[in-house]
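Heads up, there are several structures right after this.
Shared chain: chain A. Partners: chain B in the first complex, chain C in the second.
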Partner chain A sequence: MRNPLSIIRRRWSDSDDVRTDGGTAAERTPFLQRESVRSAPFWLPPFLLVALFVYGAILWNIVLSLTDFTGLGEPDYTNLDFENYVVAFTGGTPSWSDLSVEPIWNSLGNTVALMVGFTVFCLVLGLLLAILVDQEIRFENTFRTVYLLPMSLSFVVTAKFWLYMYNVETGLVNIVITSLGFGPVEIVQNPDLKLAAVAFALVWQFSGYAMIVYLAGLRAIPTSHFEAARVDGASTYRLYRRVVLPQLRTATVSALVVLTVFALKAFDFLFSMYSGYQPGPSADILATRMVREAYANSNWAYGSAIAVVLFVMALFIVAPYIYSQYRRGAL
Partner chain B sequence: MSQQVATEGTTDETDRETGLLGGYGLRRVVLYAILLAMGVFYLVPIETGVMTAFTDPASYTGRAPFLPPLEPLVANSGEFSIQPWQNAVSGLSQGLLNSMILVIPATVLSGLLGSMAAYGLTNVHWRGQLAIYMLFVAGIFIPYQAVLVPLTQFWYNVVPLRTMFEPVGMALPIIEPYHWKLVALIVTHVAYGLPICTLLFRAHYKKLSDEMLEAARLDGASVTRIYRRIVLPLSIPMFAVVFIYQFTQIWNDLLFALTIVQFGDAAVVTQELVGIGVSQSGTNFPLRMAAALVAALPTLVVYVFFGDKFARGVAA
Partner chain C sequence: MAELTLDAVTKVFQEGDGSEVVAVDDVNIDIGDGEFLVLVGPSGCGKSTTLRMIAGLETISSGEIRLGGSRLNEKQPAERDIAMVFQSYALYPHMTVRQNMSFGLEESTDLDDDTIRETVTDAATTMGIENLLDRKPGELSGGQQQRVALGRAIVRDPEVFLMDEPLSNLDAKLRAGMRTEIQRLQEDLDVTTVYVTHDQTEAMTMGDRIAVLDDGELMQVGSPLELYHRPANQFVAGFIGDPSMNFFDVSHEGGTLVGDGFEYPLSSDVASDLGETTDCVLGVRPEDVSLVESATDAHDFRTTVEVVEPMGNENNVYLSFGDEPSDEEPDQRFVATVGGLRRVERDSTVVARIPEDSVHLFDAATGDALHNRVLEEDVETQATIN
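== the complex of A and B ==
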């Protein structure tokens, strides 16, 4: 196995060798004339902003999660411990509260269920749409525009639309169900259905995105591959199964990562659908739980700890992706 | 409208192809039927919203939600009314104004800073720039929950814009005390929008010809001059993509507004939309639908006119 550090080192020196004029190494030029310093007015202010707001805030959040910060006032950084994480995973009564606190297993399970269900259905639907749109159809642009339209809307707006669609008395979904003979069904407040209903609405909103990504992937496959398969007498099914799908791996991975992150962010949708911090236990995800603990219950430190769990989940998905992008030289 | 056009296309296509190849025509018909059905799937929640928003709130129950309200002419179709729209606009007016105050500077600033960062990290070559750039990229994917509590602490306790704003507010009569919250929100959106803006610009700047920039440098042009005279004019198409993307993102956001503005005069349109149409007397769906459409209108207009650029932004 190649040592990743040596790869990084070689990449950097490569770019220096190829690009620095006259082959002067950066170290030998006076400080103020170095390219990194001369370009600093451009990259440094944005970098400081990102460093402070993204990385500074994440570190601060980790520290806050070790405190007992609740209610009004300012956090006390003298007594740092992992109590909030113990409470998050095992429940019980923490030292900063008189009441026992629910562990996060329920919202963690809902988060994973929503993430997996939403992402898989989005990818499948997006792939099917991309294949259909790729059949040299007419008005391709119109179809693409319509399919992607929901993505330009806010979570808050789409939640209102689906709240109406699902409504037990007047919603279109229930009118269709009733006309099929299954009677009106309470969906939005139904513990058995609400998470699936949320996932379905999110698939509606974001499957167009998966389609766009897959379409770009399909268009990148050389025509000769299709022709070769045709000459060999492969059926359409075999053509897609054996030739096309394997070449869509990169598209699948990048769509997967982005959609998973969208699912982690579904807070806005749930907040709008349930008009507040209480989506109820069967639709509660980590994102809603975190904001509710911090901003509705003022359990700031506990909210921070839940946020760290959410952040670690995102890290497990995103870090390998960024690393693989880097290895491919796509950054 | 687009559906009608597409239907005409279907008949055209099949007429031509049936002559050539027997079974092929049927396949095309099925293909277009599926494509149209999917189009209906994506449009119908919005369409029922539009139809219901034009219905008198007293008469919207019991009607088919996807049909236009034509009560005197068609029984049980609901009575036509623009009252939901009037109520929606008056209910959301403060939020619409605040969102505008927020979205314009935040979009322009994040685009401009993103372009500058991408230039300094792409077209000027130095050791270590890839590491810095990777930190930008990682910032795209973080769940914002992981920074919320520090953000609230920062804007309420560490950088008290409120007290800094008081003397300015007295000097300029247009500035209201609550505007400090919008300034905080602008800075926040710029900071968290920067990673994606930088990524979009870098993809564009990698394609700029190195020889051209090298030639300018050999002629003695400074880093700043190359940016102003060559790179900036060449990035105008990318600015369109980035501005559209950022405009949509910032206009649509709820989470940052909820945690930084919290409540009061500075509430943005998404915050006001959450609570509208909910009252003791039950849910007023015509008002809710009208409000959702009013809140969505700016992004819908941008999407209808610049849909291709939006697609380029999200696909990157």
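== the complex of A and C ==
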């Protein structure tokens, strides 16, 4: 996201060259001599590519969501309306179908639950790990690598791996549960546990990332702050609570944005875990619903509408972050 | 009573490969109530480690630190009733000046918010920063941050102030101003203070007493003048004073010191101080070397001016023995400080007088002082009463 935006802004900032008083003819740089024009061979190709394939595709998707495009054939752009969004939030029978369509509330709820649960647990666990690893322990690098390693795995590998872990007869998780006296539990297909199981596996994969971000933040705090707080009489808990945590705000925000976006993209994980985009209603998220509507039911326009909802959610998460970064001059 | 006692305090660091490094070696200092003690020494001499042991930020390997008679070794920093000013100030960047100053009171006392507010405002007024209370440290200049750091320490009204090179991040002008201010503040508050610095000027001007450390060992404790005029050994003599004391390696041969390019006869009194020692070091402070018209005395030497450093109020004249300017690097060069209005030309030949009253003699092997300069009575009393 960062790259195309910065390109656009750079274009905009060039408009600062234009003088509000209009200047005089003699002062004006000839068009071809302007820096923005002369550097065009460098910025123009990526700019056009990004404009077409990212923003063009988004725009096209938005337009598509306003049509009634289903099945085979070509979309009809003459009759645009918001019917798909109405259907998405209230259900009912749309004009392009004979059957009634489920609203997206269920998958929207699951998406938000997964996003919040996963992100919060990831951050908390990452922070705890970072504080532990920061205690000048032995084999620090080894621990860091061990915790970070899961992140290098693809979603497919993590999903298949946890499928084994959760297995009702041979899975390690179930062996542990059994040994604690709770008997083997069906996890992956259990409607009550599905979403939690997915979130847990994702936390396992990404808490190492949160740890690294927090560790960098902790290392940036001068030792003298810890010492000053101790001399000031703060207990360890109060020290972290009042002196350290507030200084980790930037780290928290960066990790939060990345993790939330990962949670929104958890489609591939669910796809691998449930060998398709039918995880069942209790683990259905917007991404699986969207793909199912589009590719299983050929409700292209309706799928597009769900995609737009997902896009707006991502925008709401990323935009404040980018804006705050921009205001701080980091971009 | 806040008498701080360091009793045979030792700090040993374990290296990664199992070897041990002795950072502070058997240091004994008694710091009286309300006294301003300066710990001074070159980098790595253990002065900061000593301070951090008093603060409780480092464990004490052996020995004991007592405050008002009670043992501090096992106490947490919070329980020691001390306040520390850090070299980097260590102000919490996310808090305003007021919050920074309130933090210690909130964490270590049961005072209610109104009292804390009042105390902080009072301390801020003392430091002249009451108009900065709502700012964050990032919006303050170095000097203002320094004041906040000091304010944060005084607001807690501790038994002991610890200051770890608090002025080293300031520019020279500001440093001189803050030096006086800290001194005045300490006198007003009458709080026992331990101040660490590597700057001998700070040590001389600020301290009631100075403790000189080298390589973890305590070299000497005494008043500034005592250290200046009666150094216990060659290290202290060379460390205190700027420009440093001149040292000449000499051998003692029957009442005469024989050095490289000069001979220095000794009176029988001074010679008897040397006893059997033959290898010694002759020391003389630059301001005691005078440039005279002609050689009339056995302690007058013909020398060549190598370099002149004009300081305005005085000139530092670098001399070498002999009356011929040469291109070679001289074996023995020494400094004389003369009045700023006196003209001394480079490469000219001058007569330097090294009065016997002002020489110090050290054992070349151990560095111990064998003979210190003769003092006029008033200086003498000042140096000893402290």
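Quick note on the criterion: the second predicted complex is superposed on the first by the 304 of 331 C-alpha atoms of A that agree within 3 Å, B and C clash if a C-alpha of one lies under 4 Å from a C-alpha of the other, contacts with A are read in each partner's own complex, and residues count from 1 in each chain.
In this section, a residue touches a chain if its C-beta (ideal position, glycine included) is under 8 Å from a C-beta of that chain, and two chains touch if they have at least 3 such contacts.
For clarity, every value in this text was computed on a predicted model and none was experimentally measured.
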**Q.** Combined model on chain A: chain C and chain B, fit or clash
**A.** fit
Q) With the two structures laid over each other on chain A, which partner does A:222 touch: chain B (first), chain C (second), both, or neither? A) second
Q.
One more residue to check, A:60. First (chain B), second (chain C), both or neither?
A. first
Q. Comparing chain C with chain B, which touches more residues belonging to chain A?
A. B
(Q) With both complexes overlaid on chain A, does A:246 touch chain B (first), chain C (second), both or neither? (A) second
Q.
I'd like to know which partner A:121 touches here: chain B for first, chain C for second, both or neither.
A. neither
Q. Does chain B (first) or chain C (second) touch A:214, or do both, or does neither?
A. neither
(Q) By the touch definition at the top of the document, which applies to A:231: first (chain B), second (chain C), both, or neither? (A) second
Q) Is A:166 touching the first partner chain B, the second partner chain C, both, or neither of them? A) neither
Q.
So in the superposed three-chain picture, is A:96 touching just chain B, just chain C, both, or none of them (first/second/both/neither)?
A. neither
Q. Closest pair of CA atoms, one in chain B and one in chain C, after superposing: how far apart in Å?
A. 7
Q: Write out the stretch or stretches of chain A touching chain B in their complex.
A: 8, 11-13, 15-16, 19-21, 26, 34-36, 38-47, 49-58, 60-61, 64, 74-75, 129, 132-133, 135, 137-139, 141-158, 160-165, 167, 169-172, 175, 204, 208-209, 212-213, 216, 257, 261, 264-265, 267-268, 271-272, 275-276, 286-287, 290-291, 294-295, 300, 303-304, 306-308, 310-311, 313-314, 317-319, 322, 325-326, 331
Q) Hey, which residues of chain C end up touching chain A in the complex? A) 55-57, 76-78, 82-84, 86-90, 92-95, 103-104, 107-108, 152, 156
Q) Okay, in this complex, where on chain A does chain C touch? A) 222, 224-225, 227-235, 238, 242-243, 246-247, 249
Q.
Show me the residue ranges of chain B that touch chain A in the complex, using the header's touch definition.
A. 2, 5-6, 9-10, 12-13, 31-32, 34-35, 38-39, 41-46, 48-49, 52, 60-66, 113-114, 116-117, 119-121, 124-139, 141-154, 157, 188, 190-192, 194-195, 198, 210, 214, 217-218, 222-224, 227, 248, 251-255, 258-259, 262, 270, 273-275, 278, 283, 285, 288-289, 291-293, 295-296, 299-300, 302-303, 307-308, 310-311, 314-315
